[in-house]
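We call the chains A, B, C, D and E, going by the order they appear; numbering starts again at 1 in every chain.
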Amino acid sequence: MALTLQILLPFFGGFAALLAPRLAGLSERWTTIAVMALTLIVLLLAVVSGDDGRWLAFTRADWAPSFGIQVLLAMDGLSAALLAVSAGLGMICVFISWHVTHRSPLFHAAICWTVAASNGVFLSFDLLILAFFWELMIVPAFLLIALWGHGDREAAAIKFLVFNAVAGLGLLAAVFWMGATSDPITFDAFELARDERSHTAQVLLLLGFAVAFMVKLPVPPFHAWLPDAHTNAPTAGSILLAGLLLKTGAYGLFRFPPLLFPEGLVTLAPWGMALGAFGVVYGAVLACGQTDAKRLVAYTSVAHMSIVLMGVCGGVHFALMGAGVEMIAHAFSSSALFLLIGALQHRTGTRDLRELGGLQKTAPAFATSFALFFAAALAMPGTANFLGEALVITGMFQVNWVLAAIALVSLVVSVVYATRLIGGIVFGEPKPAVQGAHDLYRHELWPIAVLGLCTLLFGLFPQALISVLRPAVEAALTPLLFVQP
Amino acid sequence: MSWGLAIWASALALAAAALAVTRDSVVHALLLLLAALVALGVAFFALASPFAGAIQLLIYAGAVVAVFVFVIMTVEAGPEARARERALLSGAWRWPAVVAVLAFLPMLVGLGGTADGTPGGVGAADLGLLMFGEWAVATELVSLLLIAGMIGVRALSRKGRDGE
Amino acid sequence: MSGAEFLSLAPLALTGLAGIAGMALAPVAPARAVRGVTAALVALALVVALSRAGAEPAAPYALMVDDGLARFGTVLALLAGLGVLAFARAEGGAREAPALVAVATAGAVALAGAAHAAVLFLGLEITTLAMIALAVLPRTAEAAEAGYKLFLMAGAGAAALLLGLAFGFADSGSLMLDAWAGGGPVAAVGAALVLAGLAFKFSLVPFHMWTPDLFSGAPASAAAMAGAVSKVAVGIALLRLTEAAPGGAAWPLGLALAGGAAAILGNLVALRQESLSRMLGYSTIAHSGYLALVLAAGGGLAGEALLVYLAAYVPAILAALCVAAALGPVTRDDLRGLVHRQPLAGAAMALALLSMAGLPPTAGFIGKVYLFSALAAAEAWALLGVAALGAALAFVYYLRFAVAAFASAEGAPGPTLGWPARAALVVALAALVGPGLYPEPLIALASAAALP
Amino acid sequence: MLAYLLLLVPMPSLGGFLLLALDPYRLDRRAVQAAGLAAGCAPLLVIGPLAALHLTGAIGDQVAPIFFINVGNFEVALAMGLDAVSAVAALTVAFVAACVMIYALDYMSYAGTPDLRRFFALMNLFVAGMLSMVLAADSITFFLGWELMGLCSFFLISYNMTSPRAFAAGQKAFLITRIADAALLAGLLLLFLEAGSVRLTELIPAGTVAEPVRGSIIAALLLIGALGKSAQVPFHTWLPTAMAGPTPVSALLHSATMVAAGAVLLARFAPVIEAYPVVAGATAVAGATTALFGAASAVAQTDVKRLLAYSSISQIGYMVAAVGVGAPAVAMAHFVVHAAFKSLLFMAAGVMSHAGGGSTTIDSLRGAARATPIAFICYAAGAASLAGLPFVTAGWWSKEAILASAVVSGPLGAAVWAVALAAAVLTGVYAFRPVLVAAATPATPRRRCREHPLASGPLIVLALLALAGGLAVAPMTTLMGGHPPHPAHWVEIVGAVAALAGLAGSVAVVFVPTLAARVRGARKLRAGLQFDARYYALLVRPYRRLVRRLSGREGAWVDRLGRPPDGATADPVGQATVALGLWLRRVVLTPFSPDRMDIAWMRGAAGIGRAAERGRNLQTGRVRDYALALAVGLAALLILGWGMTWR
Amino acid sequence: MTGLNALLALSGGLFVTGLFGVLARRTIVLQLVSLEIMLAGPALAFVAAGAHHGAVEGTAMFLLVLALAAAEVAVGLAIYLHLRRHEGGGDADATARLRG
């Protein structure tokens, strides 16, 4: 029940936020915050009262028995961490969008729905339900970009949608192949994992899955939607994109290929790692060339999520653990950077590094926050990002030295883009645009503080995160552990 | 009564039809249509279906063509009109001809097959029993069909300004 | 005629009666009364049809069947007809529109139960002729042009269908559709002709050319006839014929080719459309294409998939057309801010577009699930690829329009919708979202109906 | 229990940083100074007694675990440890840091830098990083401290945030050290995989017994890490430009932290280096070369801070060479001595140049002996130690120990010795140049300036250490497990002569006009042999072009670092490298064009759009065409049906 | 060659002749004429098949075809007159506003 609530609460919370102002005179902001808080509390209760075994919680119910569809939800540490991130980011999105007044109820509803759908992805083990939430996720995010974005937002939104929805078709096709050819029809991942499949079939099915996940990640050459989407999205949209939607791709890669197609994964993993290595360099190099701050951060996301891909395909303990940690860490750091840049854009009306600068003089707290997440983007030791990258690189050294060396290159290049970002925003004489920019407001300060604290806390004391992720990592290594209770 | 007569009459109808669709005078085309329909009626008689033949002659050749004749009163006639028709046709017949021939070729399959027997007789009484017995539903549906057409015609020919 | 047989015919009879009543009342009664009476009779037909759920099948004179498929199709067609009645307006001062809608619906009901060539042909032609009449009702130049195009192609299509039926009859000596399996070359040629006639009505490529012109030139009610009412009926007729398998392997192959071409071309050309109605016209071609692909692939899931897809598609296209009817001929830019100006219409339009794009949480997603599942279950990979390609293209234009509806723009509030249209929109919304969130009832109904 | 006090050592600095950086309220200037100073000096109060206890043998080696990380397949323990090396190093760091902080109180108060809070925060973090690095007992803590310093150095070098040059200098420093850091990280991770533990006491032995090729790679990676951080050739270019930071930063950066960290690293991992002769040889060669190169470049400098920067490069070169010839303890001894006199030199130079109006050129020091006598005397003491004037300076003792260790270590050692000796002569030459200039009488006599005791105090303490600290070199070496070398007497004599020769050379360079002119004219040497220009042509520009190609629309922006350094085109070698870069661009990079992948996708989309237009053209609007399409479909279906039943 | 098959071929001929007319003629009245010819094909085929099988259904179907033909003529001519009022001529190609 707790798991179902993780999806239903934000889903109906979205309707509540949509209708509350009109029907009950409530503020849609506080409604959303309450919903997110409630979701978080329920999650906490579920984790605390959870089993010690493979799954913290497990739900199975019929949805459409005539077609073999079940509501099959399971939560382990990895899911729990991501669920916590999603509810937390949902709340943060409200706070940093305090200035949004244009059709605010719908805006907050879209935030709730995005959270609901991504929660669904993080929990589902019925592949059809997974596909349902996978596609559902696109819709509210699309609205966020298309309606509250900047610049050529509709084109960016359509680009986002087309890439993701089309890639989703790969997932759908693979899921239906497996489901419709099983007898009786079922989409239960645990059941399907037991079916014997030929090697070719495994590879083909895995490709279908991988396309969907890699577009969402995104890894080059499927990354083309991300910079546009991030650049034109509103701040909350960027945060949800970076913090949740990208993570669903990583989560999917982490979870399903080892379970469903272990042999296919063995065949394709080297290619995945190579693609990841390429993406690391490509994303980092392109980040160096951007003058739009959001675009820059978007390309760093490409690089970082490519590291996750490397880790997932690495197939050794360190690499997988690193991928898990990097996922969480990137959710904090990139969300925070988007938050800051969004807040800056709201004040100055520009994201162009050439027109910004000198924030140190006019807004010191702003500058300090930038410095903190600058360090996270650099994967400084002490931040969770370092832990993730170091673990992935360690794993890569066990697998292939060349790939490890390429991943190390990203550490170096990160200096260039990160200094460029901070140099363009914080350093220098205050430019006209920055004159009079207000320092962080309180409702912006505390989300930043929370995100920064999480980044540092998990970087300095990673044990909590690591032990939470451990069962999932071990299950990804030896799918036999993937028993259902 | 006789396949042969039916075939000849049908062939005649086909020839008249072929002429009808290629004439440059609308009036000639209509007359040729009438000829084709009458020839078909003859063929129906030859196929021992006198009721069908009678209906064909009465309704088709009679009523339908009569309606057309009313209409062509609205069409201008004369040498210029014929010249224009010829020009219109001469620029447009090639591809249709190719496609029509291509569509026709498969219909010749039947010629290679075997089928025998003489045309069986079909009486008007049997037809009535069928139409108002077993096929009552179909008959009722025909009325719906005609109603649909009737409403359409009535709506189109109603008085009043257009485009409102 | 036994009571059961009578009851089984009652929906058809009542719908036909509705048409006749509408026609009779049109010259004398106010438009509202005409519509009310017609709608009441169609609703009565719907009630009768629904009340027969689970009843023993009755076979009136063997011309029509009374199986699950027929009942499902009847209910769906009647629902669609009621929906169209809700927004069919008295175009150009003519009050015959409700009558024509009812007559067309009656044709569709007949077609859904057609087991015999005569009923098949008559059902098809009744809907077509009523559609033509509906198209030309406004008597504008565009409407007349759309009507004429439809008329001419319908004539050719009907002739082809009839010739096909005649060839089949000549080959087998029977007019029952299920007697034509395993015929000789004559039957094969006949089957090809029948397929052409049905493909015309189903607007498969290259028989589709009339569709976009009808959608953009004719009133929305005529478009709804093509896009919803007759689509249901023709889909079911095609399913029956496919199961009867006349013409051997050529039938599914032809269906697959025409359907694949429709799925690709319809979506492709819809990409660049700026007019809402025209976009819907091309998209309906694409949806027919998907259905044809499912039928061509066959397999155990085909029938179920067809019914579920139709049930998901009909409310979507009706909702979109209902809004289009209220707004008049609109382009994408005119849609801007619709959600803001008219929340119900805007939401219905947006959800309908999402559903047609196959995105959750709408019924369209379930439809897409079935579409893909059926193709995958039949292991028709090439067809699956074509369907996926089409669906991929489709995202773009649906969402372009959807986002316009959501976008903010200043503008006049626009014409308001009458209460029937609003009620229809609410029902359509429920039909779009309900199965999307909890599909079990729909799936159960469809799978029960698809059982032979 | 005593061991847990170790954890407290970096804590005050860290706490100071957190307080100053994150406290949301405005702090009084005095409060900032008090907090910064207290946090900066407190580590000394903790490590002082601890180190004293350890060095006197009262307590043995200590390890204090911080916490454990259970990664699943095994457990990692983070810990801090105290042994001889870390005790000496930590004591040095804490002491120098305290001196610099005290000095900074005064110095920063009249510099035009109002943002004291940021300054003290970063300085404290910097110290915390170095302390946790030297006290680390595991590779993770070690690397954490190491990287923290890199980050702080970036912020400190570009402390003057409104100056593009300062930013560029910081960026360059950060980038180059990061390259080395990446290598170090790789080395540490490989060692970790080799040993299955992160504890240094297990890592290092495991590193010495690795399979030769693998082991050599590991050792080489560690070496690269050290070379980068310590600004050794070929990574040295960042250090001279890093002078953009305020003087206290330079004092700290060059003496006890950051730059010296490389030496500490090598001393720590000396067993691994020594286990692989090739790497050890490379270390010795790199160190000696750098010593000579740095000294030679320093001779040609006209700016006292740049001179001191090249001096640091050179002196650390000695330490690296010492590790290369197998005497890490000696290297650490030199580290301690160098820390004392180099911080002294920077701080004294800062006082003198401040008094002289802020310019840091050597010529502007003229007359400083009269204006700021205390600082001048202290500077002279430091310079003497740097030059290694025999017997009376600490520098002589430690440098002599290095030279002696080199001589006794074998044939390669002899070569290293010869090179180092030449460097020693040059050291004398450059070390005394500012002293002699400052002692000279300027054209316009200068008044005596007031010297604040907060500035003078640390100077005097450090000056005494720089002179008298030599007595501690031998015991320190022994304590850290080395043995003071006892070479033949001629070696010591030659060393002493070298230092004196340097002094003589310095006099000549300052007072003989032709020589002075020649030194002034040595532009290539002054530019550090134009490494910068070559790196620019070979690495920076092609990289920038790549970025510009790949990211398209942003390409028009030449960023703040766009200008090549001076003299990039004067040099034929430089021109050749430019040509090579251009050729590489044409051949390798041109196939990529801006945002290729995005463009490819969008081109695909445009293609679909064109296809859609074509499709629209099919719909001609003429009913006969529609019917023709229908007829074509009909014919196709008929032929299909016919064909498939053909028997 | 037997009677039925020859008649079927001839009915096909009538059908394609009409089809050709629909495709080739631009005058709307002639297109309507061609449609009638198209429908004459199935009529012949049904009667012939009914005669061949001795089944009354053939003639019944012929009647249905006839009904359709009548309805189509009526509707078609009504549209023609209507179009003529709008477009001023009987040229099918001239009514091409809806396109693309």
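Rule of thumb we're sticking to: a contact is a pair of C-beta atoms (placed from the backbone, for glycine too) under 8 Å apart; a residue touches a chain by one contact, two chains touch by 3 or more.
All values derive from a computational prediction rather than experimental measurement.
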| item | value |
| --- | --- |
| Shortest contact path, chain A to chain E, counted in steps | 2 |
| Chain whose average C-alpha position is farthest from chain E's own | D |
| Far-end chain from chain C, centres as C-alpha averages | D |
| Innermost chain, taking as reference the mean of every protein Cα atom displayed | A |
| Separation of chain D from chain E, taking each centre as the mean of its C-alpha atoms, in whole Å | 93 |
| Geometric centre distance via CA averages, chain D-chain C, whole Å | 75 |
| Euclidean distance of C-alpha centroids - chain B vs chain D, Å | 99 |
| Inter-centroid spacing, chain D versus chain A (mean Cα positions, whole Å) | 36 |
| In chain B, residues with contacts to at least two other chains | 92, 95-96, 99-100, 103, 106-107, 109-110, 113, 135, 138, 142, 145, 148-150, 152, 156, 162 |
| Contacts with 2+ other chains: residues of chain D | 616, 619, 621, 623-624, 627-628, 631-632, 634, 638, 641-642, 645 |
| Shared-contact residues (touching 2 or more other chains) in chain A | none |
| Chains touching one another, given as label pairs in label order | A-C, A-D, B-C, B-D, B-E, C-D, C-E, D-E |
| Sites on chain D touched by chain A in the complex | 21-22, 24, 67-73, 140, 143-144, 146-148, 151, 154-155, 158, 161-162, 164, 167, 170-171, 174-175, 178-179, 181-183, 185-186, 189-190, 192-193, 543, 546-548, 550-552, 554-555, 557, 559-560, 595, 597-598, 600-602 |
| Partner chain B, residues of chain D touching it in the complex | 624, 628, 631-632, 634-635, 638-639, 641-642, 645 |
| Touching residues on chain E, where the partner in the complex is chain C | 4-5, 8, 11-12, 15, 18-19, 22, 28, 31, 35, 38-39, 41-42, 45-46, 48-50, 52-53, 55, 57-58, 60-61, 64-65, 68, 71-72, 75-76, 78-80, 82-83, 86-87, 92, 95-100 |
| Complex contact set, residues of chain C against chain B | 9, 12-13, 16, 19-20, 23, 60-64, 92-94, 96, 99-100, 103-104, 106-107, 110, 116, 118-119, 122-123, 125-126, 129-130, 132-133, 136-141, 167, 170, 184-186, 188-189, 192 |
| Sites on chain E touched by chain D in the complex | 19, 22-24, 26, 92-93, 95-100 |
